[in-house]
Amino acid sequence: MRVGFIGLGRMGTAIAGRLLEGGNEVAVWNRTPGKTDEPVRRGARLASSVADACAGAEVVMTMLANDGALLDVALGPGGIAESLEDGAVHVAMGTHGVRAVRTLAEQHTEAGQAFVAAPVLGRPDVAAAGQLGVVVAGPAEALGRCRPLFEAIGRRTFAAGDRAESATSIKLANNFALGVAIESMAEAFALVRKHSVEPSLFYEVLTEGLFAAPAYKVYGTIIVEEDYDRVGFTTELALKDVDLTLAAAGDARVPLPSAAVLRDRLLAAIAHGDGDRDWAVLAREQARTSGLE
Amino acid sequence: MRVGFIGLGRMGTAIAGRLLEGGNEVAVWNRTPGKTDEPVRRGARLASSVADACAGAEVVMTMLANDGALLDVALGPGGIAESLEDGAVHVAMGTHGVRAVRTLAEQHTEAGQAFVAAPVLGRPDVAAAGQLGVVVAGPAEALGRCRPLFEAIGRRTFAAGDRAESATSIKLANNFALGVAIESMAEAFALVRKHSVEPSLFYEVLTEGLFAAPAYKVYGTIIVEEDYDRVGFTTELALKDVDLTLAAAGDARVPLPSAAVLRDRLLAAIAHGDGDRDWAVLAREQARTSGLE
Amino acid sequence: MRVGFIGLGRMGTAIAGRLLEGGNEVAVWNRTPGKTDEPVRRGARLASSVADACAGAEVVMTMLANDGALLDVALGPGGIAESLEDGAVHVAMGTHGVRAVRTLAEQHTEAGQAFVAAPVLGRPDVAAAGQLGVVVAGPAEALGRCRPLFEAIGRRTFAAGDRAESATSIKLANNFALGVAIESMAEAFALVRKHSVEPSLFYEVLTEGLFAAPAYKVYGTIIVEEDYDRVGFTTELALKDVDLTLAAAGDARVPLPSAAVLRDRLLAAIAHGDGDRDWAVLAREQARTSGLE
Amino acid sequence: MRVGFIGLGRMGTAIAGRLLEGGNEVAVWNRTPGKTDEPVRRGARLASSVADACAGAEVVMTMLANDGALLDVALGPGGIAESLEDGAVHVAMGTHGVRAVRTLAEQHTEAGQAFVAAPVLGRPDVAAAGQLGVVVAGPAEALGRCRPLFEAIGRRTFAAGDRAESATSIKLANNFALGVAIESMAEAFALVRKHSVEPSLFYEVLTEGLFAAPAYKVYGTIIVEEDYDRVGFTTELALKDVDLTLAAAGDARVPLPSAAVLRDRLLAAIAHGDGDRDWAVLAREQARTSGLE
């Protein structure tokens, strides 16, 4: 398929690579120019503008860092909505808010195009291996057309119906559950430490049984080793995510007290200078408020 | 070894069975008489009193429902502290509070006995199969003597040092983490449901990746199936546990906001008549407060 | 002084009336036309556009419902920034967010104008009587020039320095404290009701001593009388305010757990259909979650 | 009347003084002997034991620091229940938990005596001036007999019905509301400080209008002056109170999220060494977690 791809950060680059391997014709565009080198070397066409990336494309995919960038690229002057052909599809794969996604669904529909939200589960290395989970929602016909692309990208596609925001809410809820798991470990580790328990022992107990899963093993290890400078996902980015989750909860009128606890912990961590560390650092923030640091 | 065993509920019965299979001489006592039938049929001696269960025992194990029962049996008139021989060990395997455990450690030490906290991880069927996790703490010498018993009972023993309350805090922290995991699912399911997502789909996303662990699979399934009447652990018992956790946190001066969120949710569930249902019912309570029921 | 006044809701109308009484020349503009009738009858000039309201004005005041309307009127095409004369002042009196206020301060400064945030404390009837509290912040020189206007409007002016957002944060923090006071009553009334106490008796105890202040008397009375349909400030508007407060807290990296509790209660109340009732209705929401309704 | 008075701390001494001034015959007893000097000098009889204080008394009043002391003095060997004459009344004026109060009501009733809970509102100096608020609950007939005593003690008596725990819950709820007010100030002051606002200015805004009441003026002043070493009520005692409130809420199945927020803040303050300071110090704790200290 002819695919435009906008947003070549680490994740976008990995996904674009999968699309190229799958034999698709890919035109890439990125606001910061240097980032397109790798996909171009692997056979992508370097588009000169968003409009150029959309030219002739059946599908345009975006992997952008936040709602502002997405709305700008999609709905701004010279953006996707203005440039995409009738009946073509915009697939947004970043983690976005439900309001932005709802706006995009409406505007693209008005412009005669289809909009699909397709947030992904996994890190860049997982993406490069084609092992992402992809949660997709949007018009059934558009989902059908994009299916080969999702299969090129991921190990498994979860179809969440015809409302784009449904996929968005799943991604946000999944990240939220992860944040709460980290927060629960932060609290639990502080509790046992204050009762003279070695963190590594508690880690053993926790991850050997009920919690023998990546969420607890990966982040529990970081907490035990206090290895907060090996950053997978920063506290600042986690705050952005939680704010999207709380906004989605606000829109839907869902009280979400655990998200509020998580947000306050992230804010305290950032207030103490840990904004650019891995978000597992909220275990240190909990230790701090418990008088352990 | 000669072992006294006090408290023959479902869990106590399963554990006593393992001890008997392991070739130990076990004397059993239970406040309510009928409960001792099974271990007696399997070779245990029926003790006529707590004191009788302690007579000649190297180790007395208790598996009691709450701190009140434990303190009564251990420190009351005719209790373990009065009856146990010099140098013998009281091993308390129930889920208890740090204050009760601290009191017991002090009183038994004063009485010339040793006290070990040995809470277990797992359900009665796991216990019957000898697959429990056993978290133990107390005087090193006493732990050493009890080791064959722990090995008869469980798949793995976690040694948490010489302060009994350390084991207690691990057990409470583990249960707390489970409660928070359930609460996070309760909130997450409500959020996605309000964005038109089928619960079973969200379950798939959640448990296929980061959360591929029993905590999420077992309780996520109950939530998806709304199968709250198949009770593993009741909301009322969960409240008792959370209150022990909050008390342990208070003693240690550890703020524990997620435990507070969990407690309030449990209280609301009980206020709405769900006290005797499985504690996964807090997903229904969250749905209720979100206007979904 | 020559004053432009934009936003003639109930509060704007009352304030514009005070300015006219004070002998100022006032040009009024409102998006919805009918709202300007009263000030025009009292001597205001009806402006034909935002630009017309700004023409010749030394000060333009806005009293708008939300950040969107403010940013649109101030920075949109034909807006205040484009229309206001060099050195003139834009005084924003609504309850706004710190980000919007910061943006306005920057943009007006760039345009050679001054920006003052001047949120007010009090209801429309208080405004009509010239008894508002006015919290002001912005460039000292601009504050000095506007002083006669603030004196015409209010009983007391609180000068909060030269950063506009300081005034904003005070207004938000004051509303937040009020929301928390209502929430605390909601919880306290539920607690005593469940212990067989008449709400009116608890009201007596509370407001006779430590809490003998309008916040507790006004809202406590509504709660005791369950008079939630006599609306002073709706639950929906309160949610908007709390979201501004949480955003301000997020920007400043201040964990604000009581605001989170308040937001969740408001969301639950709205989820149960109480969005358009007086926000004291969160006492009913608390009663509901306590199994009292 | 002939009155026994047990518990001569600062508050008990002030109240006993009022009773003596009112012409009652008062026998005093205190565990620590020296404390009875002042009432004895003012005409009280020094009792040699709890039983002696009860001998011939129509009413025995207790003002004790916690549930443990109260239950011990009332129900222990040689205690009030054993010593008090048939039909006499035990009036407990301290701040106690609903469970303890319920137990006392049952036990005294069984012993043929009446039990009244009569917690007071106000500090020792207020008590000495006879200006306390007194919240009373218990059997109507007993309340009637004690009325002259309540009138000697306080400015106003609030009759809360025939269940002793009703009075208890009112006292706890009132203290809870105060704690939440302090917490809300703690959060609000941190928020405005981070937006460059002088605390004293925010104090002016707050206490001049909606919050012109002692709760905000007294504690707001301490916060502005950071005068946490002039102790009215310690953080540790506040924690004890909040724990009683949370226990009362647990018993009644009332979720109380603001109490949980308050408890966690108190715990963090204590963890940082502020347990013996005035509980307004939770403003410093909030500042600490916001990166302001």
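Each chain carries a letter (A, B, C and D) given by its place in the written order, and its residues are counted from 1.
Note that in this section a contact is a pair of C-beta atoms (placed from the backbone, for glycine too) under 8 Å apart; a residue touches a chain by one contact, two chains touch by 3 or more.
Everything numeric in this text was worked out from a predicted model, so none of it was measured.
Chain A maps onto chain B through a rotation of 180 degrees [Cα fit, steps of 5, range 0 to 180]. Among the remaining chains, D is positioned farthest from chain A, on the basis of C-alpha centroids.
Note: centroid distance chain A to chain B, computed from Cα atoms, is 38 Å. The distance from the centre of chain A to the centre of chain D, with each centre set as the mean of the Cα atoms, comes to 52 Å. Between chain A and chain C, the centres computed from C-alpha atoms are 36 Å apart.
Within chain C, the positions touching two or more other chains are listed as 249, 253-257, 261, 264-265, 268, 271, 289-291. In the complex of the two chains, the chain C residues touching chain B come out as 257, 268, 271-273, 289-291. Per the touch definition, chain C reaches chain D in the complex via residues 98, 121-122, 133, 135, 156, 158-161, 163, 165-166, 168-170, 172-174, 176-178, 180-181, 183-185, 187-192, 194-198, 201-202, 204-206, 208-216, 245, 248-249, 252-259, 261, 264-265, 286, 289-291. Those residues of chain D that touch chain B in the complex are listed here as 239, 243, 246, 249-250, 253-257, 260-261, 263-265, 267-268, 270-271.
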